[in-house]
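Each structure below appears as C-alpha cells.
Consider the two complexes below, in which chain A is the common component and chain B and chain C are the respective partners.
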Partner chain A sequence: MPSASSTRTGFDTALLGIKGLALVAAGVLVLAFPQLAPDAFILSVGVVIASYAALAVSWNFVGGFTGYISLGHAAYSGLGGYGTALLILEAGWNPWLSLVGSAVAVGVLALPIGFASLRVRGASFVIVSIALVLILLLVSQSWSDVTGGSNGLRVPRPFGEDVLRPEQHERFFYLHVGLIVIALAVWWAIDRSRFGTGLKAIREDEDKAQALGVPTFAYKLTVFVISAFFTALAGGMYALWFGSLDPIFQFSILVGSYMVLMSLLGGIRSLLGPVVGAVIVGYSLEYFKSAYGDTQFHLVALGLLLALVVLFMPDGVLPALGSLVDRIRPDKATSIREMTAAELVEKNKEIDEARREPEEVSR
Partner chain B sequence: MSGSLLLQSVILGLLLGGLYALLAAGLTLYFGVMRVVMIAHSAFLILAAYLAWWFQRETGLDPLLSLVVTVPLFFVVGFVMQRLLLARLRPATLTMMSVLLTFAIALTIEGLLGYVFSGTQRRIQLDYSGSSLEVFGANIAVVKLIAFGLAAVALLGLWALMKLTRFGQALRATIQHPEAARLLGINTDRIAGFGFGLGLATAAIGGTALSLDSTIYPSLHWHWIGPLMAIIVIGGLGSIPGAAIAAMLLGVSQSLLQVPLGTTWAQTVFYIALFATLMVRPQGFFGGRLAQRF
Partner chain C sequence: MTTTQAPPAVRSLETVELRKSFGGVHAVDGATVTFRPGKINALIGPNGSGKTTFFNCVTGMIKPDSGEVTYQGADITGKAPHRIAAAGVGRSFQLCRIFPRMTVLENMLVGVRPEGLLHRLRGSRNADDIAKARELLRRVGIDHLESSEARDISYGQQKLLELAGVLMTDPETIMLDEPAGGVNPALIGRIGTLVRELNAEGRTFVIVEHNMDMVMSLSDHVVVFDRGRPIAEGTPAEVQGDPRVLEAYLGI
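After this line comes the complex of A and B, so read on.
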C-alpha cells in the first residue's frame, strides 16, 4: 500500500471526500430511517434487513479474514436465539442479560466445534458447517421438552406491554444498528492488527503462513469464537424482537446461505461489504417474498442471484466499484502497475532514508 | 430387541446403505475429476424421484421405465453443467466457489419443484408397494429390494466402466494426475465433463429407486445431502471404496439405532460419526493426506 502523504493526488483527495460524504449520508439515512418509514410494515422490513446485516458482519469475521466459507452460521444465530429465550423463561434472567449470557455460552460452545471443524479446510469445512446446522435442526425438533419442538417457543418481550408495535420496531432497529456498529468496530480493529494480518495470511496461503510462524490454528479458532459470539448476539436480538422461535427457521441452511450471499455480494474483504450486501439481498428477499407470495419461486430467485454473483462477481460489489473508479482515475488509466518504475525508485530512496535516520539517532 | 427385529434392522440398513453407497460414489466422482463438492447432488436425486413419480402418474407405466429417459438426460445435464458453469470458476477459489454455485443450483431446483409440483407430499402407488418377503422372520419390502438391486447394478456397472474400459482408464488418469493425463493426449476437460455426467446419472438412478418406497417433497434433499456429505468425508474425500464402506456401516448403524431412538435421533449418527472422524482422522479413513486440504 503506497504511503498516503507522498502519493496522494488531487483525484485521491476528491475520492476520499466523496467516500466520506457518502458514508455520512448513509449514516444519517440509517439513523433517520424510522422517522422516514411510512408505516410499521416498512419499519419491520428495516429491522429484518438490519438483522441480516448484523448476521453478515458477524459471519465475515471468519469468511472475510480466513476465507473459510461457513454455510452453517445459522447454528450460532439459532443457538443464540434459543439460549436467550431459555435463559429468560427457565432461569428468569433479565432479557438483556440473557442475550449476552447466551452469546457467551455460544462462544464457549464454539470452542470445541471450531476445534473439530477447523482441522479441515475448504470443502470439508463447508460440509461440517452444514452438518452442524442439520444436527441442531434434528435436536431442536426432537427435544421438545426444552425447545418446544416444532410448535416453537415464545420469547417474552423485553419492553412492557404499553410499548406499541411501531415503537418496538423503532427501538429494535436502533439496537440492531448499535450491534452492527460494535461488530464493525471490532472487525476494523482486527483488520489493522497483527492478529488480522496473520488471519489474512491464512486466507492467502495457509501452509506458507504456518511456515512463516503464524500460529494458524490458534488464530483461526479465536476468530471463529468471536464470529460465533457476534452471530449469537444477532440471533438473540432477532429472537427478542420477533418474539417466537421455530426450529425450521432458526436452524435453516437458508439463513446461513443468506449470510454468505450478502457478504460475497458486498465483498468479503471490505469492512462495509457485508452491510451493503445485506441491504441489497435483504431488500430483494423481501421483494421476492411479497412478489411471489406463497410459491417457492423466491428460492429460485435467490438461487439464480447467488449463481450470478459466484460466476460473475465473486469479489463483490464494493471491489467492483473500486476497480471501476480505478478505470476513470486520470494518472493510472493506462498502467496496471500500482506505480511507475521511476516512482518506485523514488519511494525506495525515501524508505532507505527513513531507515537510516533512526540508526543515526541511536548512535 | 428380538432376534428377528435385529435381523430386519440389519437387512434394512444394508439395503439403505446400498443406495447411500451409489449416491456417495457419484459425489466422489465429482470430487475426483474436479475437486468439487456438489451440494446439488441430492437436489437432482429428488428431481429424478419427482420425474419418476410424474412419469408414473401421467403414463401409468412402471416408474422404473423412466430411467430410460432420466439417465441419459441427467448425463447430458451433468456434462453441460460442468462445461458451462463449473469450468468457468477461477482455479484458485474453485473449491469454495463451487460449493456456493452448486448450492445455488440446489436452491433453484428446490424452488422450481415447489413451484411446478407444489409442496404437497407425493408418493407412488404400485401393485407391489405393499408386498414383502419374509426371511427368517424378518419382513423385507419388495420395493426396498428393487431399490437396492438397482443401486447394486449401477455401482457394479460404474466399477466395470472405471476398471475395464478405455474411457474408464482415461477417467481414472484424469482423477489421479490431470497434467500427466493431458501429456498422454487425454482431453481432460471433456473427460471431466463426462465424469460429471456419470455422477449425475447416479443421482437419476438413485432418485428413481428412492421414489419407489418413500414419500417425496421438494425440501427432502436437505435430509439426504447431510448424510451423503458425512459419508464422503468419513470415507475420505475422493475414495470410492471408502465411501461405499462408510455408506454401508452408517446405513446399518442408522437402521439399528432407529429401533430404540426413533428416526429423527437416529439420523444424528451420521453427524456424530463425522465429528468423531474429524477428531481422530481429519482426512477420513481411506483418503490420502491430500483429502484434508479440501
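After this line comes the complex of A and C, so read on.
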C-alpha cells in the first residue's frame, strides 16, 4: 500500500521509476506478443494464458478483497460460456451482445447464490462453492437438448469464415487483454474506495469490521456479484474463441482451482498478483503438457511448483518481491524496527506480557 | 469541560431479563441492567460470570435467547452489529482486534457511520477522513506509525489503535472489553486519561475490566456480575464494601 505520508526518499523515487519502467516494458511486451510469437500454436498458448489471467483477476474480486476462497468459480465461467453460445444459437443475438447479456444474467443469478453461500465462512464456504459446479456439471451433461451434453456445443465464430486462425488468435488475444485491463481498472477503483477498505477489513477480521459499522453481508454480496459478472465475461470470451463447449471442461473443479492457485501464487492482495500468477501457472501448464505429453504428469509438476511457492513465498510472488525491496531499503525512518535500546526493552516487555499471535512473535 | 458533543441523552443502554445459554450453560441469566448515561460505567465480576457474553449480546455479535436491549429508548435487541454501531454504540474487543495486514491509517478508515451510497464509493483517502484519522491517532499518541502495518506495531500500540478506530465512528457510547488487559502500567494510565477526557466530552462508557485499581479510580458506577446476572451495583466505594461482591470474588 502506498503510504499517504509525503516523505518520499530518493530510494522511493528510484523504486517508483523501476516499477514504472517494468510496467511499461511488460505492457509493450504484451501488446507486441502476437507479432513476436513464432507460430500460431504459441499465439494460441498466449490466448489461453490471457484467458486464465482474465479468470484469475475476476476471481480475485472475491478472493483478494474478502478472503473468501471460492473453488467453484468455474460455475460462472461455464455459465458465461453456455449463456453466450445459447443466446447466439437460440435467440439469434449478436455474439458480443450475447457475451454481455450472458454475463449480466450470470451476475443476477449470483445474487441468490451469494445470498445463500456467503452466510458461511472459511472451509464451509469453500465446500458450498464447489457444490454448485458439480450440480451444473450434471445438469449440463444430462440436459443434452439444450447444451449438447457430452457431445459438446459448437459456438459460432464471431468473425467471418474468411478470418484465418492466426488472425483469429490475434484478435482474441487483444480482446482478452482488453477485458483484463477493464477488470483490473474496476479492482483498482474498488481498492481505493471506502467500499474497498470495508471489504479488506472483512478479510482481516469480519466481526470486527461489522462492529465498526461495515454492513459486511451487503458488501460481500456486492463484490461477489461483480466477480461472477467478470468471470462470466471471461468464460464467454473463451467460448467465442475456442468455438466449442464440453460440460466436463466448462464446469470443472480443476479450472476453478486454477483460478485460486494463480491468484494465491501471484499474491491475492495485490492488483497484478493474479495476472503474474496466471502467466506463471499458465506457461508452466502448457510447458509441462508438451513435455509430458498426454499423461496427467503435468498436474504433478504443477503441484510441485505450487508447493515450492507456498513454502518460500506464502503471500505470493509480488508481496515477496515487495518485502525483498523493503529489506534493502537504505533508510527505515518510518519503520518501528528502528528504535532505541530503551524502547526495545519496553517493547520486549510488552511482548512478554501480551498474548500475541504466534506468527507475529516468530517474526 | 469541553462539550463538543451533543449533551448526553437521558437514557443510555438498558437491558431487561437478558438471557443467553450455550448448551446447558446459562452464560447470561436474566440480566437487567441500566447503565448511567454520560457516566463511566464499569462491569466487573469473576471469570466466567458472563460479562463478555453480555457484551456480545448487547452489541449484536450474538443473538440473545430472550430479553430486551434498548439504546436511548429504542429496541436494538438482536440487531446486526453494524446497525448497533450505526445507532452510536462503539466497542472494542477482549485481546484487542485490529486489521493486521492493513496500515495503521487504513485501520482507521474502516469505521463508518450511516452514509449514502456515493460516500461508500468515494475514495477512502479523501481529505476529511484522513484529517479526522490523523487527529485521532495524534490524540492516542501513535500518529507517527500511520504507515506501518498494524501487525508490526506493539500490542500496547494496537490497543490504542483499536480505541482510536472505534472513535472514528463517533460513538456516543463506547464499550471497552478489558482495555487494560495485557498492557503495561504506564499505558494503563494513558488509557484511563483518554477515557476520562472522552467522558468529559459527553461520551458514555461501559467498561469490562479486571484491573481493580483502574475500575475503582475511573468509574462512576459499577455493576457486579456473577453467574450471568448483576448481583450488586453502585459507586465504587459502595460495591467494594458489599458482602455479596466479596462472596462472589473470594467465595467466602
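Keep in mind that, in the parts below, the second predicted complex is superposed on the first by the 319 of 363 C-alpha atoms of A that agree within 3 Å, B and C clash if a C-alpha of one lies under 4 Å from a C-alpha of the other, contacts with A are read in each partner's own complex, and residues count from 1 in each chain.
To be clear about the criterion, a residue touches a chain if its C-beta (ideal position, glycine included) is under 8 Å from a C-beta of that chain, and two chains touch if they have at least 3 such contacts.
For clarity, every value in this text was computed on a predicted model and none was experimentally measured.
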item: First (chain B), second (chain C), both or neither touched by A:P215; value: second
item: Partner chain(s) touched by A:R192 [first = chain B, second = chain C, both, neither]; value: second
item: First (chain B), second (chain C), both or neither touched by A:I268; value: neither
item: First (chain B), second (chain C), both or neither touched by A:A232; value: neither
item: Chain A positions touched by chain B in one structure and by chain C in the second; value: none
item: Interface residues, chain A side, partner chain B - complex; value: 67, 69, 71, 116-117, 119-124, 126-128, 130-132, 134-135, 138-139, 141-142, 253-254, 257, 260, 264, 295-307, 310-311, 314
item: Chain C to chain A touching residues, read off their complex; value: 59, 61, 80-82, 85-86, 90-91, 93, 95, 97-103, 105-106, 109-114, 119-125, 129-130, 145-148, 151-156, 165-166, 168-169, 182-184
item: Residue ranges of chain B in contact with chain A within the complex; value: 31, 35-37, 39, 85, 88-90, 93, 95-101, 103-115, 119, 218, 222, 225-226, 229-230, 232-233, 237, 262, 264-265, 267-268, 270-271, 274-275, 278-279, 282-283, 291-294
item: Contacting residues of chain A [partner chain C, same complex]; value: 1, 3-5, 192-198, 200-201, 204-205, 207-217, 269, 334-337, 346-347, 349-351, 353-357, 360
